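Take a look at the structures listed below.
Across the two complexes that follow, subunit A remains constant while its partner is subunit B and subsequently subunit C.
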Partner chain A sequence: MKKVFAIALGIVTAIGGFLDAGTVATSGEAGAKYGFGLIWAVILATIEIILLVEMVGRFTAVSQKTYADAIREKFGFKFYLFPLASELIAESLLLAAELGGVAIALSLLTGISWHYLFPVAALLVLILVWSASFDIIENGPALLGLVTLSFLVGVILLGPPKLSLLQTLWKPPVQQGQFADYLYLVAAILGATISPYLLYFYSSGAIEEHWSGKSLLLNRVTAIVGMGFGSIGSLALLILSAIVLRPLNMQAGTLGEIGLAMAKPLGIVGGYLFAVALFSTCLGAALEVVLAVSYNVAQGFGWEWGQNQNPVQTARYYAFMIVFLLIAVIIGLLGIDPLQLALFASTVIALFLPVSLSPFLFIMNDPAYLKDKTNGWFDNTAIILILLIAFAVAVVSIPLEIITGGG
Partner chain B sequence: MNKTGFSLPALVLLALLIWTLAGCQFTQSPFALAVSSAGAEFAAAATTLSYVHSGKISTQYAQGSFVNYRSQLDGLDRQLPSQQGAPGRASIEQLLALYKVAIRAVDDPCLETSCNWQAQVAALNRASQAFLKAAGS
Partner chain C sequence: MKEREQEQVREQVREEIRAEVPSREQILVMRNIMDNQLETSDDIEIGRVADIEAELRPDGRLVLTRLMTGPEALAGRISSRLRPIVHFLLRNRFEHSIPIDEIDGFHPTLRLRGRAIDYSTGESERWLANHVFRWLPGSGWKEWHEQLEQSGTGTAETEAATETRTEETRAPGDAARGNPAVASHQSEHHSH
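Then we have the complex of A and B:
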């Protein structure tokens, strides 16, 4: 019974925790600008994250080591600094976007400008990472995040899409001059969904929860069912934006606009549901990013770490957490719109994916860690292909978007 | 120089040329991008105002949204004339005239029934259509 409960909780939290500022921003903008023309990217990214989460859980359960531990051990400390640096750059941008997402959600509920609420969001995250246990951080916002399933209700209430919109599924409406923007969104979708922080968080969480070889079923079901169903929120938001916002000439340039797509089928309740969903998913992601990066640094430098430990015993781990949060607050206080920041952070993540995840492929094929549970050819091929796609589209689209002032 | 007659620097230059040419077709001009996103923001503002008066969203939701619309549209009137790809002065002035009326609605949206919110929606829609048209021209 305990095992069934653990599996059910794993699935539910994976579904509720799937979305964040990056996925909300990319899904909303993708639907509003290109109809169903980027659904393929969401599906591709979901397959990739299912594979990666399953792998990292399997790795930790069998080897009893975290991902960061393994990189340092196998490749040495100097090499470890490369993925660490890429993580610090990309995730500090993402954390600022997540805090902005929380602030926007509070703004939509209260009417107060999000600029004033941004420090409140940062303070809320600080209090939670300082005082809450791992279970509360992992499960609390994710359970609240189940409200994202209301996006699916919105889609159902809107009824079937028009044939012309359906055709965008295989013929994306990319006008002349929009191709760089389209590629930029592809990269952002891949980067938003395949965020490496998830792997550090999941791997460290498996240690915090004392996973062993017996946890492999829980790991596989959580990865496949949880992440698979989690992507429904992302797809539903894309479809809502395509059906509601696109005909109104909106491009989902701000997070609040995306919620208008929920207000059409569900009225005033739809707006509130969107705001609560945005709040819970961004809060959950902000907490996970702070923890994941702090875990990564502490494990890499050999410090004591753990959310369930006394802060006095893990002083450096907690001190880094505060410094990292401060960096994100400084980025956020520059006043960049959270949606634009989320898109940019997601594209930067896509650019860094080969640096962040290539070591993982070597580790996953090392029997010294995984005994007979190493990767098969399908896992390896799929991961390499998708990483290369993400990297290629990011390399092409980021300079073009910066040159033209888009993005 | 190798046997085919192409040196490595020449190949790199060729690749850069192809890249630059491809880049020209890949992207819109900065002006087109700016007016396109401004047109979309005005459309969003018009929809938000209509939704709040038809009870589809709360006043707080609209207030929170308008802060963002203002940030997105801030300084556009100063940037437009100097943007690469901008049309002639007459077209810019037409756009700026529409911008001035519409931005007043974004600055001070009529969220109560006591004021003329329909006029604001009409102004926002006019600006949206003109800006989106300018992006395509």
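Then we have the complex of A and C:
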């Protein structure tokens, strides 16, 4: 019974925790600009994150090592600096975007400018990481994030899409001069969904929750069912934006604009539901990003770490967490729109994916860690493919996007 | 009850890991020591092995003598030119070494014979706890401090560098200057 409950909770929190500022931004803009033309990217990214999450969970359950532990021990300190540096750069931008998402959600609910609410969002995250246990951090916002399933309700209420919109599924409406922007969004979708911070967080969480070789079923079900169903929120938001915003020529340039897509099927209630969904998903993601990077650093340098210990027992881990949060706040206070920041951060993440994930290829095939649970050819092929696709798309799209002034 | 169950699971995992311990002949420096986690007998993780000091004995044997931790040793792994710069900035304040015979077992994590308080590695953690976090609400400093007092390792001892099991690292080159036979293991000469 306990096992069933654990599996159910794992699935539910994976569903509720799938979306974040990055996926909301990319899904909303993708639907508004290209109709259903980027659904394939969301599905591809979802399949990849399912595989990656299952792999990292399997790795930690069997080896009792986290991903960061393995990078440092297997590849040495010099190599470890590369994924560490890429994570620090990319996730500081993403954390600023997530805090901005929380601030915008509060702004939608209160009417106060998000600029003033940004420090409030940061303070909320600080209080939670300082005082809450791992279970509360992992499950609380994610359970609240089940509100994202209201996006699916909105899609159902709007009824079937027009044929012209349906056709964009296999024929994306990319106009002349928009190809760079289209690729940029592909990279952003991949980066937003396949965020390496998820791997650091998930593998550390497996240790926090004392997973062992007996947890492989829980891991697999959480990854496949949880992440799979979690993408429903992302796809539903894309479809909503395509149906509501695209005909109005609204480009979904801000997170607030994306929320308008919920207003059509559900009225003012839809607007509030979007705000609550944005608040919970961005808060959950902000907590995960802060923890993931802190876990990475603490584990890489061999410090005591853990959300279930008092701050005084893991002082260096918490000290770093506070400094990292401060850096993200400074980035956020520059006033860059959180949606644009989320898109940019997601694309940077896609660019750095080979650095962040290439150790995975070797670690997951090392029987010294995984005994007889190493990767098969399918998993290895999947990792290589996604690294190549994400990197290629990002390296092409970012310069094009800058040159053409798109995004 | 939950904590007891969790402790049982942890102990079971440790037993499984211990079963994987390499025999004496199979211990490899890069695989089993370098960059590995250092864990004390009271289950505290105090850092990772940044470098290893070796000694060339008169009989020609190269013997590993001390585990090195700290930013200078790490800087040396990145570049030999970086180490003197870091030494100039930090003045050995965060460098520590642990005699290699303190290792209780060459598991995936290196278990040390002493408790965390017996090693100056990880002192920065205790400093942060006693000088910064003690003033922050919800840090758990009071309970932690009481626990240490009860186990006979109060604040006074936590603040003093405990030299019984570790000593401050000598400056780069001191070992060679002091004894031409002493060599420092430089991992940058290896595949890392």
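Everything below uses one rule, namely that the second predicted complex is superposed on the first by the 407 of 407 C-alpha atoms of A that agree within 3 Å, B and C clash if a C-alpha of one lies under 4 Å from a C-alpha of the other, contacts with A are read in each partner's own complex, and residues count from 1 in each chain.
Definition applied: a residue touches a chain if its C-beta (ideal position, glycine included) is under 8 Å from a C-beta of that chain, and two chains touch if they have at least 3 such contacts.
Please read these numbers as outputs of a predicted model, since none were measured by experiment.
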item	value
Fit or clash between subunit C and subunit B when superposed on subunit A	fit
Partner chain(s) touched by A:Asp337 [first = subunit B, second = subunit C, both, neither]	first
Comparing the two partners subunit B and subunit C, which touches a greater set of residues in subunit A	B
Touching partner for A:Lys264 - first (subunit B), second (subunit C), both, neither	first
Which superposed partner A:Phe301 touches (first subunit B, second subunit C, both, neither)	second
Touched partner set for A:Asp135, first subunit B, second subunit C, both or neither	neither
Subunit A as apex of subunit B and subunit C, Cα-centre angle in degrees (nearest 10)	130
First, second, both or neither for A:Asp366, with subunit B first and subunit C second	neither
Touching partner for A:Phe179 - first (subunit B), second (subunit C), both, neither	first
Smallest separation in angstrom, by C-alpha atoms, between subunit B and subunit C in the superposition	31
Common interface positions of subunit A, toward subunit B and toward subunit C	none
Touch list for subunit A against partner subunit C, complex	63-65, 69, 72-73, 75-79, 81, 130-131, 210, 212, 300-305, 310-316, 318-319
Residues of subunit B touching subunit A in the complex	23, 25-30, 32-34, 36-37, 39-41, 43-44, 47-48, 51, 55-65, 67-69, 71-72, 128, 132
Partner subunit A, residues of subunit C touching it in the complex	6, 9-10, 12-13, 17, 30, 34-38, 44-48, 50, 74, 77-78, 108, 122, 124-126, 128-129, 132-134, 136, 138-141, 143-144, 187-188, 191-192
Residues on subunit A engaged by subunit B in the complex (per definition of touch)	32, 104, 107-115, 176-181, 183, 248-251, 253-257, 259-260, 263-264, 267-268, 270-272, 275, 335, 337, 400-401, 403-406
